[in-house]
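The same chain A turns up in both complexes below, where it pairs with chain B and then with chain C.
Then we have the complex of A and B:
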């Protein structure tokens, strides 16, 4: 039982970073009805952007900021350029386009960075005692940064002008436009914010998981599970389910084997889906 | 068409044609609304009144003609720019943002304004006191009539030069209809021009100075509310317009 505090923290590390990726997916779905298969690859690009900018700047936190901005702006605008002409067409086309983007990004990453894993040492090597073991301070910082970004996102959606506009466009874009909301700009913001959230998560986790071209594939499946279970387009739901998923996985592994934890997770998702199917789902809800 | 001349038109629609696919819904109508004037647009169901309003806002893709606000043509501008330049729209359907509170719904209308936006809330709540009581409630949980009021309060919060209002009295209890009429009158007192589509004789008589009658996509006449002494006379005019 002495493992419980450590596993609780491990669950938060996994959960908070997953929450960033998933809430980005939820945001884009809420505002534009788009499911972005390349979100996991933006997570991967966040890792490489950190690795690359760290070589130039030598400063981890500055590099993380650069990674978030680069993935957010370049990735968001690239996604927008691809998806924009397809917005009024079949949803299947958008799905295929983002799937294509995902494959292209993975291949480009392999060609450019190679197939090996890139390791980065955490910027803080210190550890603090948690129960009977020593816990890395950097992992605690991942939890803190993840939760801060999520809280910031929540406050932004709740109070900021563009946050309120994002919710308005998600709920009724025609009426939002009729009230003067600059819908194209709000769309651009959704693309950028969604990509930046994946970029932050990807860069933040490199010292823990390292980065390789397919690292996003492991993340995206879980992120989809989280977004579906949290309610498509529900920012807070996605964040909470991601944290819950992280904890179930971490605490479950104390008593049962990892493969059984996976089965437990899918069972949890099915239960959540059944419960959710009885309620009306809402778009970009808080 | 019998006409009443208006010297200075703040808003002018010139030769508007609107299409839904191959269907030619609005077939070349021209009308005007003066500064601070409320004008009604009446006609049978399906003659193109709502399409006319949606075309003015820019919500109908297949539209030709000129949409002049203070002489500037809005026809090529996207919907959000028309709103920013002063065309407000209150649709017929309950188009509130259901997962936002009443207050957030009203604030969205005021977000483009500079200066004191809180006064917009005070004005809205003075017009519709019930919205003040329910300001923290999610808009989607309001009754149909309350959502109509919220829609109008939100449209007014934009402080538009021209407010287009589609069927505000439809499905409302008489007491709420009075509130709507009062709100429209107050809007015109403050210099907002109003173009309202409605079938309520009382609302049109209280709020409007002129009425356009529309049938089969064209305007068939323009009148003053005083030209009709009762609802039946008005109804006979627009129901008989196509005969």
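Then we have the complex of A and C:
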């Protein structure tokens, strides 16, 4: 029983970073109706960007900011360039294009950084006692930063001008454009914000999970589950389900093997999706 | 989308296998050529083509469900893998009768595609895609959850030697190649027959526009389930042939990558044709085998190939050839109307691929 508090915290660490990736996916789906298979690779690129800029700047927190901005702007605009010509065409083509991007990014990362894992020591080495064990302070920082970013995103969508425009475009693109919302700029914002969220999560987790070219694959699968279960395009839903998923996995693995937890989760989400698929809606909701 | 005014119905024109006797003869000649020519180059070429045919069948089953019925299924690999695993597991329990193994493979494969059938009733578009995606992920985890039955990540070796493949040796002589070629040809002809039947035409109409088809009184979900099961049957045959050829199954067969490969082959060849997926599988596998012999960058090439197909060849190589051919004929015979109609058809087909919502709006 003594491992429960630690596992609860572990669940939050996994959950909050997953929530960042998944809410980015949900945002993009809500606004543009597209699914980005390369989101996991932006997570991976975030990790490498941190590793690289840490070698130049030496400051962890500054490097994290750089990673988020670089992955957000460069990744977002790259994705936009790839998806833009396909927007009025079939969903399947967009999906396959992002899949192609994902394969290319993974191979390029292997070429540039090598297939080995890059490990970074956490910027804060301190530990605090939780129950009978010592828990790293940095992991608590991950939870805090993750939750802060999510809260910020939520407030942005709710009150900021561009946040409201994002929701407006998601709800009715034609009407929003007619009312003077600059739709292309809103699209660009959605691409950049979504990529930046993955970049933050990826850079934040390097000290915990390290970074290697396929680190995104594990994340993206979970993120898809989260986005589906949270309601496609639902920002808050994705965030909440991600936290829940992190907890369920962490606590579930005390009782049964992780792979069994995984299959149970798949089954649960499939049932959930079957039940609720009748009422389809794809809006950025709050 | 416009109704046909030509001598032949639009549905017949879309079919890859034509109807005339002369064309049937051509098909027979091609099969005969495939049966004879590769065997002149020793044992290796037939073995290589056997592999291409097996994955061609997987691609065909993807094309049936994704191209003709317009349900973007990302889980056909699970059907393929479960069928292959069924054979491997059965031989662990000393079942070596090839007919029983065939039945096991098809039965288990159909169970999985039955699940996809249920999805096609309750969901469409992106929801359907996500359901099939999650299902293949769940099946991918299954060997790790049941390591004693399914061998974990070590995979399973098929026992029982040549008895399981009717005594045909996949590594020696040409008999196994002919066997696979015959079954592939049978599956292709069967698919053509099914798609050319009244029911097949109805399924295509539903793919194009489910709302209209439903308004005309067709039971959309019944037809979708039927086609999903038929596609699952083809995928199960592919899985069964795969395990007979390789005598080994492993986790990746069940995973998303296998499904995506099938989709990619089908897309490259032409997703609403029957021969296209077979060609696409052969062409792309040959290409990847050639490049990965010289470098380790194969996933870079696959990614680039994917982007090229998406931007420049959304109807596949065969679709492009067909369009060029029609244009040529039109230039000769002056049947311009037929060409523009065909173009409207393919444009609508591409637009409607998965995007049901857009289609619904167009119908209303």
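Here is the rule we use: the second predicted complex is superposed on the first by the 278 of 286 C-alpha atoms of A that agree within 3 Å, B and C clash if a C-alpha of one lies under 4 Å from a C-alpha of the other, contacts with A are read in each partner's own complex, and residues count from 1 in each chain.
By our rule, a residue touches a chain if its C-beta (ideal position, glycine included) is under 8 Å from a C-beta of that chain, and two chains touch if they have at least 3 such contacts.
In this text the structure is predicted, and so the values were computed from the model without any measurement.
Within the superposed three-chain model, A:171 lies in touch with chain B and out of touch with chain C [touch as defined at top]. After overlaying the two complexes on the shared chain, residue contacts for A:107 are found with chain C alone; chain B is out of touch. By the touch criterion stated above, A:181 is placed in contact with chain B alone, chain C being left untouched.
In the superposed model, A:99 lies in contact with chain C only, and not with chain B. In the superposition on chain A, A:263 makes contact with chain C only, while chain B stays out of contact range. Of the two partner chains placed by the overlay, only chain C lies in contact with A:228; chain B stays clear of it.
Taken together, the two structures place residues 282 of chain A in contact with chain B in one case and with chain C in the other.
Here chain B touches chain A in the complex through residues 57, 59, 78-80, 83-84, 88-89, 91, 95, 97-100, 104, 107-109, 111-112, 154-155, 158, going by the rule given at the top. The touching residues of chain C, when paired with chain A in their complex, are 66, 72, 118-119, 122-123, 125-127, 129-131, 133-135, 137-138, 141-142, 144-145, 260, 263-264, 267, 297, 299-300, 302-307, 309-311, 314, 350-355. For chain A in complex with chain C, the residues that touch the partner chain are 33, 35, 82, 85-86, 89-93, 95-97, 99-104, 106-108, 111, 221, 224-225, 228, 232, 257, 259-260, 262-263, 266-267, 269-270, 273-274, 277-278, 280, 282. Residue ranges of chain A in contact with chain B, taken from their complex: 161, 164-165, 167-168, 171-172, 174-184, 282-286.
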